[in-house]
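Below you'll find the structures, each written out as structure tokens.
You will see subunit A twice below: alongside subunit B first, and alongside subunit C after that.
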Partner chain A sequence: MQLSKDDLLKAYRMMKTIREFEERLHVEFATGEIPGFVHLYAGEEASATGFCMHLDERDKIASNHRGHGHSIGKGCDVHAMMAEIYGRGTGLCGGKGGSMHIADLSKGMMGANGIVGGGPPLICGAGLAAKKLKTKGVAIAFFGDGASNQGTTMESLNLASVWNLPCVFVCENNGYAEATSSKYSVSCDDAADRASAFNMPGVVVDGHDFFAVHEAAGEAINRAREGKGPTLIECKLNRYYGHFEGDAQTYRGKDEVKNLRATIDCLDQFRAKVTSASLLDDAELNAIDSDVAELIDDAVEKAKAAPMPAAAELLTDVYISY
Partner chain B sequence: MARKITYQQAIGEALAQEMERDETVILMGEDVAGGAGAPGDDDAWGGVLGVTKGLYGKFGDRVMDTPITESAFIGAAVGAATAGLRPVAELMFIDFMGVCFDQIFNQAAKFRYMFGGKAETPVVIRTMYGAGFRAAAQHSQCLYPVFTHIPGLKVVTPATPYDAKGLLIQSIRDNDPVIFCEHKALYTLEGDVPEEAYTIPFGEANVTREGDDVTIVTLGRMLHVAHEAADALAKEKISCEVVDLRTTSPIDTDTIIESVENTGRLVVLDEAHPRCSIATDVSAMVCQEAFSALKAPIRMVTAPHVPVPFATNLEDLYIPDAGQVQQAVRTVMGKD
Partner chain C sequence: MSLDDHTPSIGILANPAAGRDIRRLVAQASVFPIAEKRNMITRLFSSLGRLDIGTVYMMPDGNGIADRIRHALETPPPTGQTWPRIEFLDMPIEDRAVDTLVAVDKMAALGVGGIIVLGGDGTHRLVASRAGDIPITALSTGTNNVFPAMREATIAGLAAGLVATGQVPVAEGSVRNKVLRVDINGVQSDLALVDLCTSTALWIGSRALWKADGLDQLFLSFAEADAIGLSSIGGLIRPLARSAQNGLRLNLAEPDNAPMVVTAPLAPGLLVDIGIEDVQELRPGETIPLRATSGVVALDGEREIEFSARENLAVHLEWDGPLTLDIPRVMAYVAENKLLTRMNQASGHAKRANQ
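Moving on to the complex of A and B:
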């Protein structure tokens, strides 16, 4: 699948924005200023980016508790996301949702989710709506290896198949469901193996390789858009931080993350590939790095300075009318 | 001799003592050991907040990490309970009941009655509830009224370390399905807890403070809010009696009625939403059984009819506080 220079710059900017957003949250969370549970996506950027690069305003995604990357990929405003994570009135959800519930329906981002396996059934619905309304839209569920075992996920794979829905199910297998290894909790070698039982293609892809994800995503999304039905794609990848911020991660191997960062980092791989092929040069990438650093600095600064929600907001937004 | 341990330690101790006593007691849940199949520690977590830490080391494969598949493992615990085991299943957050409710309310709750009294389902489902952790709408609810509504389930809401241990041991030895609700903000609370195993019977409320003017019926974390309010009101010469329900099913009607007959006034304090709740249940019960004893309309102090918000200021407003209780008490006293 051909990527123009602009596409490559866009992809790098998306991945870098996600990375910087998460690295900065890791630092800021430790200061105690960010409330609640925060689950970071650092290390997994190539997956969200590889898929979201194909999407437009017709398309919908459902995310999970580790949802910042998908949100940025689908075009959620970085400033409003940061403010939401700080629980400010200027946040994307008015401070009512927080990190685990970031959503922007106007962008086709149907929400991060606090319930493991909450997204796949919703994405069947989004796919059904696209089909009935003939929008040519595609609906994508991002979920983890933990959710790959949930009944809701299995039921959704079946429903999407029997209704021939324009859906893509993306299992981001980062090796751990909380502290439990996917080697223990997933009964087959690859979660994608389950696709055959639901009569859909099952694809395993290196989730650290943007180009591999982008290609597999493109095929599945085109297939869905053309009315040929759903696909299950498993991205094998790793997270650089704990299940949530504050997780001591004693279940992981010694130097596991250090080695991952040194060897398979998706941003490093991207840079090496595009510069060695002379598609982009270091100066162009470094310029994006600077832009992104400024953007994140500004987002954090503005979030910290933003007002808390007004007290009256406690009682609003429960119903449309009551 | 008085020994102080935390609510969390009391729960861990109850589990350890019952597992020691009865080898049919097993523990299962998401990361109750933590680290299954991973390269690091096999008991890395001991539950998401460390409540079951150390049990894997003592009891090995009787402490089972599960996949994140609530329907399957809660159902398996229910099934195992009908087949000779006495499982304690940990459902991390009470909110996750939504994923597996069928196994609880259509299966576990119904067997005894539906099968003509032949079934025994000695399962305990331990779960964490309550606001205050900035955990937002899907990790902060107080859903015990939902379980209380369903015949066949017993519902337990300990407020202190002493009650947590005694009620959990009772839950494990009980032959009916028990939903054991632990308030996450109480885990670090310290209190006197005997080292030996003991039980606290279900359906026996605890009068934790005696008083003459107003009865405050409450449960769980709100017990401590009630005491804070009662302390403040004592300075205004208002004497509050505080009743901790301990279990919402069965519920100790006698103690509530007796107290209201003595004081003539009732404030019900509950962290759950106000509709179809423990607060409405207790209020209705008192209206029906002790209406003539009431000197003033009952007041309910509850969270509002909204999901739990994330923002810290909104969540603080959401959770009932001592000030609201004091105001409600003044109202029933005609002093507002």
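Moving on to the complex of A and C:
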């Protein structure tokens, strides 16, 4: 699939927005102003972007604890996300969810999730709804190598296969479940290998390469949309920060992240490819960099200035009536 | 040579990454588990251990084959088997193609008498680029390959060991292969063992080439009618043996605009109509400039090179490819010369014959 110039600009803006959002949170979290935990997605942007570029308003995603990138990819408002992470009343969930519970059902973002392996069952529901309502919608779950070992994930793979649901399971294998290497904790060679046990295709893709992810994602999403069933795609990638902010990362090599940033950064790869092919030039990409920097500055400024949720709202939004 | 410096050694190079690409999604390509590669390797050990191979050098990896072999070495071999000494090469592991290149260089420096390769066309292409005149035993680990064959590892191990120990002369059991070389701005860049195809696709992306859209030129070192993949296009029009002096070059077009259309199995389960403008033989040494000014070059079915108008690319066929074992020929020599046959002097038959 050839991408138009507008598509390329959109993809770069999405990846850059995710990166700047996360890099800024890394700085701001250290000031102690942000409550709760944040788990940063920096380094993994090509995965969320490669998938979300194919999605529209019919589609749903379920995320995990490292969910900022997926949320931005699915179109959640960056200002409202930042405010949510700061616990402010203007946040996407009224400031009562925080980083790990960002959700915006109006955008098809069914939520970040503090439960490891919590997302895959949700997309079975979303996929079943899309199938029954004949919307041609697709449901995608993003989860990590740790969640790939969870029973909920196995059950969801099984159910999606048995019911032939329009689901795509995206295992973002960044090499570590918290501090445990996936080479130790995942019993099969690749998490994608598990697909064959559930009678669906399983593919490994380079999660640092937007174009590789975008191509594989397009095939899997189209397959699901056409009623041909679910797919498991394993994106091999790396995170630039710890499991959570404050993680000392004693389990990683001394220059591991430095080398990753220098050699396989997804944004650098993207820029090199599109400029080398004369599809975009540096000035166009630099202009996006400036826009995004302003956007994130503004989001942080507004979040800090926004009010906390009122005490009277403490018990609202806890349950929802259907 | 082996660590004891007087017995022959062999290298084994197994690609831990083979068999997980997008062809599992867009076609019905097979999944070849690492557990089976490990089993194949231990079957190689059983053959090599019977043939006085002192040391087997193996490429380490971070994806499970090396760990499984180390685990297998923790317990004695199965009854009746003697395994050679197994040494993992001392090298950094990047879990990328460069590991294969480094491993082949190290095996060559250690003077191995052969390299047994487990992988697909891509892995063999990498090994071929560095192996020089070291005989390669090519073993396929999947259904989507043309260069290596699916063979029982026990027999492949016997053939490789018998050549490495000198019991079968290299000249008797091996064949030289053609290669397709691609030059970028006049400088030799890379090679393909079977097929080199250009596409107007802009990105390497998920690597495999499985769609007819944008296919532009196809160069083949050989073309078998019963092959899978891009070489089947030539094989179904003008079959050409591996031993044939020339190769083929085809100009491709959209099926609706082409004088000829061939239905080719581009991947397992995937039959695609390919439009053919013309087919010509490609003579060794003849340099053909690519007609596209931008796009990608796929080597043995995988997109490897992105190029733009700034680069001039040209392709040529050469007879300086890798030396590979012809296993049926090796085993025929073994039978003819009774290399695995001995008379049992203690048996009743022998005693009676001697009286």
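Just so it is clear, the second predicted complex is superposed on the first by the 318 of 322 C-alpha atoms of A that agree within 3 Å, B and C clash if a C-alpha of one lies under 4 Å from a C-alpha of the other, contacts with A are read in each partner's own complex, and residues count from 1 in each chain.
Keep in mind that, in the parts below, contacts are C-beta pairs under 8 Å (C-beta built on N, C-alpha and C of every residue); 3 or more make two chains touch, one makes a residue touch a chain.
All of these numbers come straight from a predicted model, not from anything done at the bench.
K.L.:
Does the subunit A-based superposition show subunit B and subunit C clashing or fitting?
P.N.:
Aligned on subunit A, subunit C fits beside subunit B.
K.L.:
Kindly classify A:37 by the partners it touches after superposition: subunit B alone (first), subunit C alone (second), both, or neither?
P.N.:
In the superposition, A:37 touches subunit B alone.
K.L.:
Which holds for A:276: it touches subunit B only (first), subunit C only (second), both, or neither?
P.N.:
Second partner only.
K.L.:
Looking at A:220 after the superposition, I want to know if it touches subunit B, subunit C, both of them or none. Which is it: first, second, both, neither?
P.N.:
second
K.L.:
Which partner does A:108 reach: the first (subunit B), the second (subunit C), both, or neither?
P.N.:
neither
K.L.:
Does subunit C touch more residues of subunit A than subunit B does, or is it the other way round?
P.N.:
Result: the larger residue contact count on subunit A belongs to B.
K.L.:
What is the contact status of A:315 with respect to subunit B (first) and subunit C (second): first, second, both, or neither?
P.N.:
First partner only, subunit B.
K.L.:
If we overlay the two complexes on their shared chain A, which of subunit B and subunit C does A:190 touch? Say first, second, both or neither.
P.N.:
After superposing on A, A:190 lies in contact with subunit C but is clear of subunit B.
K.L.:
Which holds for A:242: it touches subunit B only (first), subunit C only (second), both, or neither?
P.N.:
After superposing on A, A:242 lies clear of both subunit B and subunit C.
K.L.:
Can you report the least C-alpha distance between subunit B and subunit C in the superposed arrangement, rounded to whole Å?
P.N.:
Taking the overlay as described at the top, subunit B lies 11 Å from subunit C at its nearest C-alpha.
K.L.:
From the superposed pair, tell me which subunit A residues show up as contacts to subunit B and also as contacts to subunit C.
P.N.:
183
K.L.:
Where on subunit A is subunit C touching in the complex?
P.N.:
Touch residues, subunit A against subunit C: 2, 183, 188-190, 192-193, 195-196, 201-205, 209, 211-212, 214-216, 219-220, 223, 231, 233-234, 273, 276-279.
K.L.:
Which of the residues in subunit C end up touching subunit A in this complex?
P.N.:
Spelled out, the residues of subunit C in touch with subunit A are 16-17, 20-22, 24-26, 31, 33-35, 62-64, 201-207, 294, 306, 308-309.
K.L.:
List the residues on subunit A that touch subunit B in their complex, please.
P.N.:
Those in contact with subunit B are residues 35-37, 87-89, 91, 93, 95-98, 100-101, 113-117, 146-147, 149-152, 176-186, 248-254, 256, 308-309, 311, 313-315, 318.
K.L.:
Which of the residues in subunit B end up touching subunit A in this complex?
P.N.:
Residues 30-31, 34-41, 44-45, 48, 65-72, 95-96, 98-99, 133-139, 304-307, 309-314, 317-318 of subunit B touch subunit A in their complex.
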